[in-house]
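Same chain, two partners: chain A is paired with chain B first, then with chain C.
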Partner chain A sequence: MAKVTLKINGQEVEVEKGTTILEAAKQLGIYIPTLCYHPYLPLEEACRICVVEDIRGGWSTLVAGCVFPVRNGMVIETESEKVIESRRTIMELLLSDHPNDCMTCYATGECELQDMAYLYKVKPTAFEGGERHKYEIDPDPNPELHLNMNKCILCRRCIRACSEIQGADVWTKVGRGFDQRISTAFDLPTMEAGCELCGHCVDFCPVDAIGWRRGRDEVRSWQLKPCATVCLQCSMGCRAAYDVLDEKVVRVRGDFASPANMGALCKMGRFNFDFINSPDRVRTACLKDGDGLAPCSLEDGLKTAASALEKVRDTDGGNAIGVVCGGMLTNEEYYLAQKLARGALACNNVDNIDGPWQQVIYDGLASSTGLGAMSNTLGDIAKAGAVLALGADTIEKHAIAGIRARKASRQGGILIVAHPQQVPLTKTATKHLAVKEGSEDALVLGLIKTIIEEELYDKDYLEQYTQEFDKLQRNIEKIGMGELTEKTGLGEQEIRETAQLYASKKPACLIYGVDRKTAPLNETFYRMCAALQMLLGSLGVEGGGVNVMGCTGNAQGAIDFGAVAKYLPGYSPVTRAAARKTVGKLWGVEPSDQGGLSWPEMFEAIEKGEMKALYLIGVDPFELGYPRAKVEGALSRLSLLVVQDCVKNRAFDYAHVVLPSLSFIEKEGTATNCERRVQRLHKALTICSDARSDFELINGVLSNLNPELKAESLAATFAEAVQLIKELDGLSFEQIPDEGVQWPVDGAGAGTVRLGLPEEEKARFKFYAARL
Partner chain B sequence: MLPDQLRQHLQKVISEAEYPREKAIEVMYEIQKHFGYMSDAAMQEAARLLTMAPVELEELATFYDFIFREPVGKYVIQICDSAMCWLDGYESILEHLCARLNIRLGETTSDGLFTLLPACCIGYCDRSPAMLINRRVYGRLTAEKIDRILDRLRSLAESVQTDQATMS
Partner chain C sequence: MSVQVLFQNRRPDRIATLDEYRRSGGYTALSGILRDKSRRDVIQRVTEANLLGRGGAGFPAGKKWSLVAEDAPFPRYIVVNSDEMEPGTFKDRVLIHTDPHTIIEGIIITGYAVSAQKAFVFVRPSYETSAVILEQEVEAARQAGYLGKHILGSDFSFEIVVHRSGGRYICGEGTAILNAIMGKRPNPMKPPPYPTVKGLWGQPTVVNNIETLAFVPHIIRNGADWFKNLAATENGAGTKLYCISGKVRQPGCIELPIGTRLSEIIQDHCGGMLDGSQFKACLPGGASTRYLTPEHYDVPMDFDSLKAIGHRLGTAAIMVFDHKTCLVGVTLNLIQFFSRESCGWCTPCREGLPYIQDLLWRIENGEGREEYIPRLETMAKHMWNAYCALAPGAASPVESLLTFFEDEVREHISQRKCPFR
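Let's look at the complex of A and B:
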């Protein structure tokens, strides 16, 4: 890039051509005020508060610093009399049509307009008596947004945030001149105009025009203490800043520095925190007392849980005990839960609620691509030429992947959405396929069949990077299109056209989001997803890949750290003696050689009377998709039920021991998102009660059962687990940077952003035979 | 909602453009010519044809004085309210128009014949004060001239009506 030299306030600076004056000044540490500009949004040039003086020999002109590109030999003054005078006039004009009721305004203390008025000592009196807007206050029934357009300064950040980040296109500027205002298309209420409740517009509003409902008339900005941690409500692993007051979360903002979400949040992450503030939070341990529960000390709770589990183990055997973890635990907690089951309770009956889904993802992908998880990153989806979105309603369940897919389509890419219903993502889709629920496997086979028959595949790529293509080629002929159309509910022509469309623009990017409402597809499905991507030469490349996303917050970490019946930490099968021996050496106790049960199998075992005790960690068994009566029947058959949760759930009615835990924003540890990113959690909220993190609670039970197995600290537990997980080779807890590390990690602590093409002499991507 | 012939015509116009959005104004004009104004339904339809988000088209439509988002009269009078016309008697011209038509700026006469709207500078500063009626320019306006124009348009509309009545 060509370099340009210029002078700002007498200081010389050399910058790249195309840099704006604002960016050049930033390099010199010179502050230029901004309002409409935001580093994470496209440039707009609306407010002109950033004016600077461009001195050209004997004369000078005022230019907008945020957009004006530098020129060689430019002489810029950012604080000259002319500049200050202009900024003051701009501020006076803005304040002339602003309510200026800072005393009762929610934004006071964090309002950018207020800060600017303070900086330039501008009072709202310069144009007193002029015309003012009198818009209705809070005219919109939106459940989360409070609108007061009288405060709007028309910076248009909301429009850009809505369109560029979320892609929802709710906001626009309507009319012109003094009549210009921010509104929706046809002035519809925001929800009817397609608001997806991502809250980006509130986050970006410099004033309180589009404001928060949460905390309004209750808190002042300076009372709030922000702390960033990772949201574990879905598998995206977004980092979010929680604004807390005392023991309550007031609101949540996106963290722009986080590579997973880049400042974006979904409606769950942004607004679903009532469970943390819930009056039903569990604050003490409880023991069964007659028909109800009686509070007890935490120590008694842990001791009773341990001795009761011990009793079942010693009388009925370890296989009579099951441990089921929820989806919002940390890696260290999952590790400790499986250590408890395998090391102290003599069973392999340990699972997490995403286990049955997550396990087949690993089995399918590891065998065909060598990497048993999402191959690329969430950011990569936006770089795709064509996106095929399968599985759950992406915007709802895997929001970051959804908005990246939208971005790809806005940049001219093809977006194909296969979902039984019209979902938010179909709005921007090139093609919507109304497939029958759970028939994605047949759809993928249909696409593969078409691509092979019509020779749309990348021959050179197959030759160079893959093996055993002939196996698939021979085998796919035996599968009739009729079967596939019947299962998917689509016409043959539609499948063929989709395949042609999907193959027409590279790189092709497949995303599949797990929805626990539909039964897990088998490992062949994931092999076929990989096969489809290989055929299109789009596996192992930027913007392509097979991107499978789990359902719960730390589904990836749960399986990585062994909270699943089939695998020990690091994906070593429990059935392999050598693997058990390695673990035995580390723990001093060797895991049982009997295969464990997944949680659906545990429920069957309970019904058969084979399983007597269940330890639920952050799981509401009534939310697992079983009929109510079935769950009630199973829970009442148990001779021991230990329930550990942060909020009271319906299983408490059947519990013998209740242990009070903390929500994910109240604990330290690590979690792994769907793109294999291991991130540190930070304690954003402190609750004064007996509640402890699941780590401390499981550790309490564990040390009562066998003090030898007790964990010393989070870092020590992480280090112990890493010894078993080759994907995290040599990674240390303290070393994990803010942006996280994506596994596989090499010995030096460097991560892997995406699956690369197989090097020569290394194992190639592998095709498998198709099966329906 | 569009008649087939119009839809096909618009699809052809759009297909000739490198980027469909280039034709946004043209498409809106054509639809407006047919319906008299752009209803919400028409906006949705236009956005679909142009593969634009309705909200993007709305921004354009509300910015541009010649796209009507509400029903207008048979004759749309757009009176220039920019600097030159203002200096040359815009206010008295407007007052006269309002009195003659018995409406305020932004309204339509009860017979549906005239709509009175403000317009930004139309480039007839040398013949100010000026106005447009159905996009035809009338300059050097005086009260008398306005009376003549309005009378002529009114009788024209009446004769068309009578013609139609006799024909049916």
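Let's look at the complex of A and C:
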């Protein structure tokens, strides 16, 4: 890149050609004020507060620093008299049509307009008497956004945020000149105009024009303590800043520095935090007392749980016990839970609620691509030429992937959405396939079949990077289109056209979001997804890949760290003696040689009377998709039910011991998102109660059962797990940077952004025979 | 009468027909270049002729066309600007109603010069009759083989589409017009990229005023020197359509050598000032220019001469005011127009023009105060800080009012009323 030298306020600086004056000034640590500019939005050049003086020989002009590119030999003054006068005039003009309500305004203290007025000592009274807008305050019934357009400075960041980041295009400018205002198309209420409640517009609004409802008239900005941690409400793993007042979360803002979400959040992450402060929070341990529960000390709770589990183990055997974890535990907690089961309770009956889905993902992808998880990154989806979106309603369940897919299509890419319903993503889609629920496997086979029959595949790529193509080629002939059309409910023509469309623009990017409402597909499905991507030469490349996303917040970490019956931490099958031995050496206790049960199998075992005790960690068994009566029957059959949760759930009615835990916002530890990104969680909030993290609680039970197995600290537990997980080779807890590390990690702590093309012959991607 | 180029076929009651235009030599320029001239030849001749844009800014047309690179992508477009919403300006309309084929031939040759495929003629909606005329005559030209596929048997194919504006002043701005044609909100788009690089639908686009292009066939036919010699001044080139309104005996649109003196235009061509009227000031080129005072009554009306004395020719729409006209009132009227027509994109214009309007209203209505004068000055100066040229244009009458007629403004303030009422 060519370099350009210029002078700003007498200081010389060398920058790359194409740099703006604003960016160049930043390099020198020189501040240029901005309002409409935002580093994470496209340029607008509307407010003109950022003007600087561009001095050329005998004359000079004012140029907008945020957009104006540097020139060699340029001489810039950022604080000359001319500049200051101009900025003050802009401020005076803005304030001349502003309510100047700072006394009672929610934004006070964090308002960019207010800060600017303070900086340039501009009083709102400079231009008295002129016309001010009198728009209705809070005219819109949006449940989360509070509108007061009298405060709007028309920077139009909201429009750009809603359009560029979310792709919802709710906001628009209406009217001209002085009467221009921000509204929706046809002035529809925001929800009718398609608001998806992502909250980006609130986050980006520099004033209180689009403001928060949460905390309004209750808090002042300076009372809020922000803390950034990872949202564990879905597998995207967005980093978010929680603004906390005392024991209460007031609002949540996206973290722009996070590569996973780049500042975006979904409506869950942004607004679903009431459970933390709900009246149903569990604050003490409880023991069953007659028909109800009676509070007890935490120590008693832990002791009782341990001794009761021990009793079942010793009388009915370890296999009579099951441990089921929810989806929002940390890696260390999953590790400890499986250690408890395998090391102290003599069973391998440990699972997490996403386990049955996550395990086949690993099995299918590891065997065909060598990487048993999402091959690329969420950001990559936006770089795709064609996106095939399968599985759950992407915008609803895997929001960041959804908005990236939308971005790809808005940048001219092809977007194909296969979903039984007209889900939100279909609005921007090139093609919507109304497939029957759970028939993605047949659809993918149909696409493969077409691509092979019509020779739409990348022959050179197959030659160079794959093996055993003939296996698939021969066997796909035997699968009739008729079967596939019947299962998917699509016509043959439609399948063929979709294949042609999907193959027409590279890189092709497949995304599949797990939906726990539909039964897990088998490992062949994932192998076929990989095969489809290989055929299109789009596996191992930026913007392509097979991108499978789990459902729960730490589904990836749960399986990585062994909270699944089949695999010990690091994907060693528990049935393999050598693997058990390695673990035995590390723990001093060898895991049982009997295979464990997945949670659906545990339910069966309970019904058969084979399983007597259940330890639920952050799981509401009534939310697992079973009929209510089945769950009630199973729970009442147990001789021991230990329920550990932060909020009361219906299983409490059947519990013998209740242990109070913390939500993900209140704990430390690590979690791994669907992109294989291991990130640190930080305690954003402390609630005064007996509740402890799942880590401390499991550790309490564990040390009561066998003090030898007791964990010393999070870091020590992480280090212990890493010894078993080759994907995390040598990674240390303290070493993990804010932006996380994506596994596989090399010995030096460097991660892997995406699966690359195989370099060695034996590492080539592998085709498998098709099966339906 | 001096040489008439664009108005040579002017009739008092109707437009010139295709045949009449042909009889005056029409379409021979087109057939000539299609026979043996390259696009570069055309650009070169127009550049040599020093044809300056007639839309207001006076940018050399040949230079603009040459900015469309030889290897620029296709399709390429021409936008013909006849939005004509600049107050006082009505030359485009008269031109369309006089000799539409000189316009059409000019557009086709321009299309050839930049290898474009299509032109959009952007017409002000209140000019519905003009739009209808253009549509009819474009069809006549097509029937005659001057438009469509393989024009006159050559390799060159070209189309003209008549497009009606949504009817806002900002739509005529050289980049907002692109958004308007694309069906988007007509906000200006500050270059780079220049329209010649990325214009309509991201493709190379040349935007010219309709009068600019109407000269093109005549330049091709008669040569660059002929064109330059038409001017009344050394540096000028060609003739100019002047629209004169206000306190003169015979207002109207007339074609004169560019650089004809203001005094001559008023005295000789408009029958002088109205009885009992004395020349007090004029706006020389539409509402976006500065007031010109009696001191410059003899100034040659071309781009350079006006620039030399700190003024602009603009659209050459001369609005003449006499000693009985209140210029505060005039300026207020104009600012009301500009502030209504501001698109609202940038702070200075959106908030500043209503502010200026407010101060002027107060002065005109006897509520003025001394301190409003420096405030108006600051604010007018501040308009140069806007995103597009609308706001600096709007500031011109305000700034010049304060420079040349400060006493009149002060009288309003001290008498607490308009002295002319």
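Operating definition for what follows: the second predicted complex is superposed on the first by the 770 of 772 C-alpha atoms of A that agree within 3 Å, B and C clash if a C-alpha of one lies under 4 Å from a C-alpha of the other, contacts with A are read in each partner's own complex, and residues count from 1 in each chain.
Throughout what follows, a contact is a pair of C-beta atoms (placed from the backbone, for glycine too) under 8 Å apart; a residue touches a chain by one contact, two chains touch by 3 or more.
Everything numeric here is computed off the predicted structure, so don't read it as measured data.
Participant: Return fit or clash for chain B versus chain C, each positioned on chain A through the superposition.
Facilitator: Result for chain B and chain C: clash.
Participant: Answer with first, second, both or neither: which of chain B and chain C does A:D97 touch in the superposed model?
Facilitator: Touch partner of A:D97: chain C, not chain B.
Participant: On chain A, which partner's contacts cover more residues, chain B's or chain C's?
Facilitator: The partner with more contacted residues on chain A is C.
Participant: Quick check on the superposed pair: does A:G58 touch chain B, chain C, both, or neither? Answer first, second, both or neither.
Facilitator: So A:G58 meets neither chain B nor chain C here.
Participant: Check the residue A:G175 against both partner chains and state whether it touches chain B (first), chain C (second), both, or neither.
Facilitator: Both partners, chain B and chain C.
Participant: What is the contact status of A:L154 with respect to chain B (first) and chain C (second): first, second, both, or neither?
Facilitator: In the superposed model, A:L154 contacts chain C only, not chain B.
Participant: Tell me the contact category for A:F186 with respect to chain B and chain C: first, second, both or neither.
Facilitator: Only chain B; A:F186 stays clear of chain C.
Participant: Once the structures are superposed on A, label A:S86 by its partner contacts, choosing first (chain B), second (chain C), both or neither.
Facilitator: A:S86 contacts chain C only, not chain B.
Participant: Quick one: is A:G412 in contact with chain B, with chain C, with both, or with neither? Answer first, second, both or neither.
Facilitator: In the superposed model, A:G412 contacts neither chain B nor chain C.
Participant: After superposing on chain A, which stretch of chain B overlaps chain C: 27-35, 81-89 or 99-107?
Facilitator: None of the options clash except 81-89.
Participant: What part of chain A is shared between its chain B contacts and its chain C contacts?
Facilitator: Common to the two interfaces on chain A: residues 173, 175-176.
Participant: Using the touch rule from the top, collect the residues of chain C that touch chain A in their complex.
Facilitator: Touching chain A: residues 168, 170, 185, 190, 339-355, 358, 378-379, 382, 384-387 of chain C.
Participant: With touch defined as at the start, can you tell me which chain A residues reach chain C in the complex?
Facilitator: So the residues of chain A touching chain C come out as 45-49, 51, 62, 67, 85-86, 89-90, 93-94, 96-97, 127, 129-131, 153-154, 173, 175-180.
Participant: Taking the complex as given, what residues does chain B use to touch chain A?
Facilitator: Residue positions touching the partner: 40, 43, 53-59, 62-63.
Participant: What part of chain A is in contact with chain B in the complex they form?
Facilitator: Within the complex, chain A contacts chain B at residues 163, 169-176, 184-186, 193.
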